[in-house]
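What follows is a pair of complexes built around chain A, which joins chain B in one and chain C in the other.
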Partner chain A sequence: MDSSTITLLLNLVYHVLVLSLVALGLGMVFGMLGVMNMAQGEFLTLGAYAMVVAQRMQIAAGWGILMAILVTATLGYLIERWLVRPLQTRPLDTLLATWGLSLLVRKGIEAVFGRQYQNITQQIGGSTQIFSVDYPSYRLALMLAIVCGLLMLCLWYKHSTAGTRLKASVANPVLAQAIGIDVKRQACMAFVCGVACTGLAGALLAPLVRVEPLMGMDYLLGSFFVLVVGGLGSLSGLFAGAGIIGSTQVLVSTMLDQTYGYLAVLTLSIGFLWLRPHGLLSNR
Partner chain B sequence: MAYFQTAKQAASLLTLALCLVAVPFVTNDFRAYQLGTYLLYGVVAQGVALVWGRLGFLPLGQALFFGLGAYVAGLLFIHAQDNALLYLLLPLSILVPALLAYLVARLVFAGQYVSGPDFSLITLALTMLGAQLANQFTGLTGGFNGLANIPQLGDLDRYSSMYFLIVALVLFSTALLSWLYQTPLGTLWLAISQNENRLQFFGFATDKLKAGAFALSAALAGSAGFLYAAQQGLVTPQAIGFQLSAELVIWTAVGGRFGPYGALLGAVGIGLLSSDLREIWVHWEVLVALLFIAVVLYFPGGMAHLLLNAYQFINRRSGTHVPVYAVAPKTPGLRAPPLQSCGGDSGPVHLRFDNVSVQRNEVSILNGLSLAVEHAGVYCLIGPNGAGKTSSFNVLTGRLARTSGDIFLDSQRVTGHRADVMARAGVGRKFQIPSVFNGLSVTDNLRIALWSNRAQARQLLESTTRQWRTDMLDFLENTFTFLADQADKPAGELSQGQRQMLELSMTLLAEPRLLLLDEPCAGLSTAETQQQIEVIVQAVSRLGSTALVIEHDMAAVQRLSNEVFVLHQGQLLANGTLKQMQESPLVQAVYAGGQK
Partner chain C sequence: MKRRSFIQNSLALGSLVGADLLLPHLAFAASPVKVGLMIPMSGPAGLFGPSSKNCGELAVAEINARGGLAGRPIELIISDAGVPPAEASQGALKLWKGQQVEAFVGMHDSAVRGALVGVFKGQVPYIYTSTYEGGECSPGTQVLAETPTQQLEPVIPWLSKERKLKNWYLIGNDYNWPRDTNAKAKQYIASAGGKVVGEEYLPFTTDNFDANLAKIKASGADAVLITLVGGASVGFNRAFASFGLADKVTRLGTLIEENTLGGIGMQNAANLYSSSGYFASIDTPAAIDFAKRYGAKFGAQAPALNALAQSVYDGFLLLEAMAKKSGSMDPKKMETAAEGIRFSSPRGDTTMHQRHGKKDIYLAKAEGNGFKVVKVFKQVDAGKNCKA
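Up next is the complex of A and B:
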């Protein structure tokens, strides 16, 4: 294999992993609560802007990451309590309200930070030699962190009682409630964890991507495509979806152009909605 | 009633026309020019209101169709300067957006019976793609700087006379939508937003209806884009992108999404205000976003609704007579046309389940179910909970995919056909939990059932279709008197028992050859049960149909039919008369039978 193929493969793995991480948050919220949180992307934006604030205050990046998690989790709690829960029986209104929220966050950030791109310095600079190519060290570290995180999550989901309770609440909320699982609390937890997870993703990705008020939209749509293709309610579906969407995007973008990559995944998603509306692997 | 509505509509339209035409004379040409742009956005917003307020699905990328129309028209205007023949292609600026919208909606809606978030996100993705393409194909679109130097439309001056053409489009669009809303098609649109599933079981291909309405909204957006290109002389990617799409939704919500006037009001009111305020006050847009959330949560009807309430309040205060449109005198009624032939077979339906299995994960729902029905009449399906009774109905109507086996209707294989296809083939279904159109009046509920398999596309646009009557309707109104006495009551306000009767009536009005009735007497009093059973027996014999009834009450089973199928663990355990079944040791072993 020549070095350009290896770089392509590494890029591919990187994108699939990032996509899994980002889609995980939306998957938790959508799969667990049945709520399409249109502001999910804006939590990523908030996470990234936490890093901007940390940098301006000249504190360590670790504090920035912590701030990202705290801010998004708190906000997520308030939103679940005051916006999502009251609208539980009106799914279209939840979509609208969270869409309005996404607008609010974007405009708020615009009012505070302006529309321009923000620059975040990488904490781990330089590049590392791997499989005889030079690859940015920060990306490699990020990939490793995501793999470890997802593995731990898989094990926890499979083996812990909390994971089983969560599965029970997803499969049959009424029955779960009847056997003593606090479904409301589970839903709240899932929402808070989902958005905090996305906020963390935003903080981690901040040095690598363009940080500006509108950045969240691409991630919302990317996560949505992943869920459409993979199906809701299972981690394996999430990884399958991220694998297909991520690699299609990277391959088409590399061979042709970014816009065509976007066109390809959009067409793929419409095709799935048409022929396989529940996705590849679905619990529903 | 139709007359009053038409008169009221004409008055509203005339008021709108006078106000709009007066603007250039009262203010000045520049103000009118500015207003013209927002009136065009208003036409697009009317399209958003059509699909969102009426049909219940939200397009988040409507600017795509507006921008597409504007780019196509702009390009044609520019190149037609050299080749006048290109003017003939101008309708493309409306057709291309409409076709694209139709195609996308058909694909996304094909497998759905509830409007979920998918459509909204796909339209959002499409509008972002549109803006990217417009930015990228610089040669065609002028890229970021836009398509410039678009000539004026004939002799129409951009800054003066063009305004009146825009007003003409606004009036046309408003009149068209107001008219459509009160046709039978408009009622079907509302029914889609309330209970799409139920409508499919009346044989309406809701995906096509939704795609058609979306195409209409895109055509309106395209025609607004057409005039926009001529009025502005410049089309940039902003006209196609996400930002405008988002604003269109906000304007529609704040103005009022349930009618064409609210959307127009929102686009002109909030739009014009924003164009001035966003430059001078940085927090304006934050405020608009907050306003939007407030409207979603507390005032779904928007400004139009508030204004209407205020108007009625003032009228009442000042003692002016408010016309009350009471129940219209009963129209003599028109005889409904016969059912559209469905496959050609008349006579009793032949239904056969051939070794049908349904497996989900490790759970076996149906386990090689085989049964056949050849003669007309009422058959009962009994069996303990979980025997697969409702599941067999679900498999037959395409709501549950089978793992193996086949289903035949009149010797045609119908395995896996969609609910609306089965309904058109003459299969009607009543659900276990009564499923009606809660927000529609009792009469409208009955009408929709009457239109099932009868109304042709043309008839869905004629107001006389509302007056259709059939012998079955006479029979049902005589038996269930509330159907006529409470004709104008929303179905959602009926009691549970009345909703059972209403849904049964609706199912019977479609005159299916095969009736699937899932616990039609659940929740009824003893007297009501008696009446319900009487109606089923009589109607089935009148229609010469076959009915499969799921029933737990053995007294009811006794009165309904002689033939009984006993299901157990997803299989047919035995069949015969109720007496035979009650004596069968096999049946006794699994299912003792008994009374309610």
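Up next is the complex of A and C:
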């Protein structure tokens, strides 16, 4: 294999992994709880701005990541308790309320940090030689971290009691309640984990992407495509969706151009919505 | 802040504002002339709203202190141009017909300019100031914006020689400004003895540039001309550097201003050049004094100066010169007066010819904390913009 093919493959793996990470939060919130959280993208923005704050305070990036998780988890808890739960039986109102919330968060960030782009320095700079090509070190580290994180999550979800309880509450809330599972607490936990996951994604991606108050919107759309194709409610569906969307985009963009890459993703998503509305692997 | 002192401060502030509003009326006997300023206050370009507004206010305050337009003080009215063209022209129409605005200064995209020109039909003076693709020659319209000819004709040969560039890769967002800019760029590259090894246009939604970077690498380009805008430019340039291309390949942009550079980050900006009519770091006495006055009026925390915002200030200077030369606010008389006007601004001297400004162009390199001007091209012509 020549070096450009290896770079292409690395790019492909990177893109699919990042897409999985970004879609994971929405997968928990929308896929499992059925809460269409329009403000999900803003949690990613909040995570990225936690890194901005950490950089301004001149503390280590690790603290920034911790801050991102804490801030988004706390905010997620408050929102679940006072916004999502009261509107539980009114999905359309949830959509509107979380959309309003997304505007509020965006404007709040704008008021505090201004509209300008923020620059976050990579803690791991330069490039590393891998399979005889030079690849950005930060990307490699990020890929490794995502793989480890997702593996741990899969194991926990499959084998732990907490994971089983969560699955039970999602699959049949009434029965789960009847055998003594606190369904409300499970839902709250899933929501908080979902938004904190997105916050974490924002913090990790911040050194690589443009950081500004409106950045979250692109990611909400991308995650939505992943869930449409992969199907709701299962981790395997999420990975399948991220794999298909990510590789379509990368391959078509490389062979033709970016416009066709985007067109292919849109066509694929519309096709799935039309012919296979539940996606490839759905649990719901 | 204690409650009492808050109230006192508010009262003091209120009386200051009151005095500010009253003073012009005391100083001028004549009724004020209303001037509409069309700038993006919302939308993707809304980022430049606050700094543009400040530059407009600074210009108006200074012109009023000098005697206003043809003896009448300016009253500034701002309308949002960061909205779709139809909406922006509605806003302008309200100012013109509803509030009797007598002249417009606009810093916005070309789609809005097209709509405004259609509404005004030469019956009200209109000065367009933001960087654009060239070719505007409608009656009543004066253009201070830099054209691709100005930003590239002298720059490409100079930079090619300086950095020994042969193979150019052109990359931009997919709309008319990048495409028209690159059409010109190809001529200048060819006449400088270089060749174009790739040309690509990306949708605005692109946030992953891996495919493009691979193509640039494979093309053997030693120079990239960037006409990506805003967030796309930030994302592209960051990825460009992380793939280690920055040391080997020279980058030139025609819309990379201070704010975009801030997003790219200096660590990702090795061998990055930008061509523009203004940088906040120009160190001529006029530019330094301008920055000082801006700082004095709006404070140290004010939104930073940049080429787009500063162009609004120049727009008002041209309006002042047109009113002075024609001695009135009559659109026809001002139009005739515009040709040949020469005025000085923080950018240097500008001479109006065929509705466009002939002016100095600065080439800056990203260095230290920001842009450092490496070459000034004196009095660059805007090229042929009128068909007749």
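Please note the rule applied: the second predicted complex is superposed on the first by the 281 of 284 C-alpha atoms of A that agree within 3 Å, B and C clash if a C-alpha of one lies under 4 Å from a C-alpha of the other, contacts with A are read in each partner's own complex, and residues count from 1 in each chain.
Simple rule for what comes next: a contact is a pair of C-beta atoms (placed from the backbone, for glycine too) under 8 Å apart; a residue touches a chain by one contact, two chains touch by 3 or more.
None of the values given here were measured: they were computed from a predicted structure.
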Chain C versus chain B on the shared chain A, clash or fit after superposition: clash
Which superposed partner A:99 touches (first chain B, second chain C, both, neither): first
Chain B versus chain C as contact partner of A:262, first or second or both or neither: both
Chain B versus chain C as contact partner of A:270, first or second or both or neither: first
Contacts of A:136 with chain B and chain C, given as first, second, both or neither: second
Contacts of A:117 with chain B and chain C, given as first, second, both or neither: second
Contacts of A:150 with chain B and chain C, given as first, second, both or neither: neither
Chain B versus chain C as contact partner of A:108, first or second or both or neither: first
First, second, both or neither for A:211, with chain B first and chain C second: second
Partner chain(s) touched by A:7 [first = chain B, second = chain C, both, neither]: second
Superposition clash, chain C versus chain B, among 4-12, 22-30, 94-102 or 148-156: 94-102
Chain B and chain C footprints on chain A, overlapping residues: 257, 259, 262
For the chain A and chain C complex, residues of the former touching the latter: 4, 7-8, 11, 14-15, 114-122, 125-127, 134, 136, 138-139, 208-212, 214-215, 218, 249-250, 253-254, 257-259, 261-262
Chain B-touching residues of chain A, taken from the complex the two chains share: 36, 38, 83, 86-87, 91-93, 95-97, 99-101, 103-104, 107-108, 110-111, 217, 220-221, 224-225, 228, 257, 259, 262-263, 266, 269-271, 273-275, 277
Contact footprint of chain A on chain C as seen in their complex: 44, 46-47, 174, 200-203, 205-208, 210-212, 214-215, 217-218, 231, 234-235, 238-239, 242-244, 259-260, 262-265, 267, 303
Residue ranges of chain B in contact with chain A within the complex: 56, 58, 60, 104, 107-108, 110-112, 115-118, 120-122, 124-126, 128-129, 132-133, 136, 242, 246, 249-250, 253, 282-283, 285-286, 288-290, 292-293, 296-297, 300
